[in-house]
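Each chain gets a letter, A, B, C and D, in the order it is written, and its residues are counted from 1.
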Amino acid sequence: MPHRGVSLQTEVRYYQQPQLENTVMICGLPGIGSVAWLAVNHLQKELHAELFAEVFSPMFSPKVWLGEDGVVGLMKGEFHFWKNKPGGPDLLLFTANEQPYSPEGQYELAEVTLDLANKFGARRVITMGGMATDRLSEEPKVYVGATGPDLVKELEAFGAVKLAGGAITGTNGLIFGLSKPKNIPAICLLAETPGYLSLDANAAKAALELSTRMLNISIDLSALEKQAKENADVVKKAKDLSHGFPRETKKGGDKELHYVS
Amino acid sequence: MPHRGVSLQTEVRYYQQPQLENTVMICGLPGIGSVAWLAVNHLQKELHAELFAEVFSPMFSPKVWLGEDGVVGLMKGEFHFWKNKPGGPDLLLFTANEQPYSPEGQYELAEVTLDLANKFGARRVITMGGMATDRLSEEPKVYVGATGPDLVKELEAFGAVKLAGGAITGTNGLIFGLSKPKNIPAICLLAETPGYLSLDANAAKAALELSTRMLNISIDLSALEKQAKENADVVKKAKDLSHGFPRETKKGGDKELHYVS
Amino acid sequence: MPHRGVSLQTEVRYYQQPQLENTVMICGLPGIGSVAWLAVNHLQKELHAELFAEVFSPMFSPKVWLGEDGVVGLMKGEFHFWKNKPGGPDLLLFTANEQPYSPEGQYELAEVTLDLANKFGARRVITMGGMATDRLSEEPKVYVGATGPDLVKELEAFGAVKLAGGAITGTNGLIFGLSKPKNIPAICLLAETPGYLSLDANAAKAALELSTRMLNISIDLSALEKQAKENADVVKKAKDLSHGFPRETKKGGDKELHYVS
Amino acid sequence: MPHRGVSLQTEVRYYQQPQLENTVMICGLPGIGSVAWLAVNHLQKELHAELFAEVFSPMFSPKVWLGEDGVVGLMKGEFHFWKNKPGGPDLLLFTANEQPYSPEGQYELAEVTLDLANKFGARRVITMGGMATDRLSEEPKVYVGATGPDLVKELEAFGAVKLAGGAITGTNGLIFGLSKPKNIPAICLLAETPGYLSLDANAAKAALELSTRMLNISIDLSALEKQAKENADVVKKAKDLSHGFPRETKKGGDKELHYVS
């Protein structure tokens, strides 16, 4: 009496079925500088968005984590929603504690996420990310790519810089790109971030400011600002220390930052 | 007349369908110090638990092994059961000769194992493992994580130490963590083990003592104790030898053990 | 209310269903010297072939690209068709911006492509590629393999050189080889290309000249010729420079080219 | 109108459906010293066994090969059959030009092969292989493992040496081992082979002699003997040469062979 199990598949668990209108999905998976992840987590907390679904998958790393209370948690993606005032867009927020480890897994998670976007009638998808540069900007530029030229122009009017060429890798890129054949208008916002920050709150703030201005949602950014200020102080201290031991600097003068290693 | 085969899948073969009550599943896959594997194998032998199902999977390594009699065996997982006296918990024991080699395979085996736990009405799942430290303790601590805070507290009352944070990797971790969305209360017991022992009987004994006390099952641990004593003698001898050739020791004094290489 | 998604699969999207007669499919995926890719792209432009289907797959790299206008594009394969004058063969052109990254993906893309070839009644499949040599030939030889000896002879009559032995790797090879069990006569044309050119327009021209002669299609090759001439000038300049710093040359005299590194 | 293709699967193509009686399957995939592959190819030629089925799979390498006539061939497995005189066993021969490159692929090919063995009522499966030793034996020992102790003893009576312990990796091992849960008696014969021979005809001959004696099939082994003799001459010459440049030899005296590098 053999039993042949079907191969384990990606699974979305719903805890409620929110009624959303004029839905915009904002995605923030971990990536360079954790820009997108920080931005969407901040939104989630400030808006008191509600968890309504989770996605589990054998495409995530084979591990679990324990909280301070000794209670186990799984590698997973989370979907939160936020009901806006009538007329304004309702939000669908997507985050995860990691990106799938395999290429197929990244495609699969992007597909599952967009299926959910479709199910809740998303009229726009926003993905974010960091664009590594070798300088720490106080006011990081935000680059934009989109599923159509009009959308690029719309974002340029909000202060974004057109990203003319290049590749966007990983799940954030795939969610963005796979929106196109599904006819969901999508934009990808990439905030400048120096390569050496693992949590760049300043870049997250820049991407979030632009997104919320476009969505006409007002949000308190002070927590991100505080974290950004702390980051800047740490970097300044490291810079001062490295000046104590003079090294060759790259051309570019005062603005140039030494890599902290 | 082409024949297209379905891809080979994980398969559970049942040899009998035991009637179990008040079922607790205890899982012991190979891992650091083989702690869990030793513990569950010991239980299996001492309780004369009966083999009733096996799991085969292309997720195991592509090899077979031969016994002393030249007879072939497959890479597989084994399920044994033990009927307790009325009132006490019946046991489901799960072991395997290796963990699946791929991440997806580890998720799949965890899922198959928990499906079987559900089928036999498991009301609790216990996974075990080793927690690498760099000292050889005569009385290794047993750390605990669980699917809920009450369960953590229950185990603390039996002498376990709450594991406040960290990640548990591999199939033992996944069986533990995936119990949560399936609503099976689960605990993970990690016994301290020095990294250099491949079969740490003393750690296995510590994990097993705590488990059986919790389950109110009495079991003879002398075989494990004997093996633990032999391990300790070998380690002591290695330590004495290394003292003959003095090396730098880490801070920590008499209790500190040199790594045996 | 869990939702288990089926694993993401390769997908062909049709934008129209052309009526083709006497169909020949010509495949040009990226590979050594981009010979096949250049040849099929040239055909596509010169014949004003129409895009009618695209293939998306999790077997491609997990990334997207942006055009100069900031608009996103996916990794994908494209199918164009061209209607010939009555009597002549209609063409099905297949290209992609990369080969799938995994072996299974390469098999899958080859299968999907040949399913489409069958659907449109292809009576012949032509794949192309580069054959790395260490010399830059002004008139590169074109080697041929086929699904049957008669086809090899037919191509020899058009000036191709029989490839007697050897292996052809990747998707171009699989599309060619898998035609055989599907009973579609197929040929593979490999044009000589030096290893150091990433876009060998001269080799592409050689493969295309032979193919179009066989298909009795006349096509303007001047754009490829122009690009080939530019390549040759760059290589000549590099050769002259390297002669300025004399190095040991391999036997073979004037015709021998130094590798440009 | 999207078209979602099913993922490419392993496929068996039948060219005829032979009526076999008292069937024994003999498997010879490439492996160490190509022992099994040589043995089954020899059987196939000497018995004029007929090709009746082929297995194609995306689990093989993504490549094709060309024959001397420029005609393409696929990576594949081949099934030949041979009808014995009434009473004697009919044979099913399985070979392939390579083993699948992935672990899952090796399991899949083993499964497909045993499904075919079952379909034709195989009452016994014989797999072969090489067992690497560091000496060249004129009369290589043949080791045996089996699905049961009686079968081990039966083969010992024919001169095989019981293999008491160890692991057998790859598809040859899996076909052997997976016979057990399918209740097909199976044996694995491993002939001694020095590690440095890629085609060890002498080992193949030893495995084949034992198999055919067991099956009561007489077969001309002179072609293998001739090839073995040529091998031995080459090795002797290399040995003589290496004696000209004296090197340290391992203990073991005259019989000891230097590794040829």
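Just a few scattered comments:
Everything that follows uses one rule, which is that a contact is a pair of C-beta atoms (placed from the backbone, for glycine too) under 8 Å apart; a residue touches a chain by one contact, two chains touch by 3 or more.
Quantities reported herein were computed from a predicted structural model and do not represent experimental measurements.
Counting the residue numbers used at the interface between chain B and chain D, under half appear in both copies, so the two copies meet with largely different residues. Per-chain CA centroids place chain A at a distance of 38 Å from chain B. Centre-to-centre spacing of chain B and chain C amounts to 54 Å, using the average Cα coordinate of each chain.
Among the residues of chain C, those touching two or more other chains are numbered 7, 13. In summary, the structure contains touching chain pairs A-B, A-C, B-D, C-D.
On chain A, the positions that touch chain B within their shared complex are 1-8, 13, 56, 58-59, 61-74, 101-102. Residues of chain A that touch chain C in their complex: 7, 9-14, 103-104, 106-108, 111-112, 115, 144-149, 152, 162-171, 173-174, 176-178, 180-181, 186, 188.
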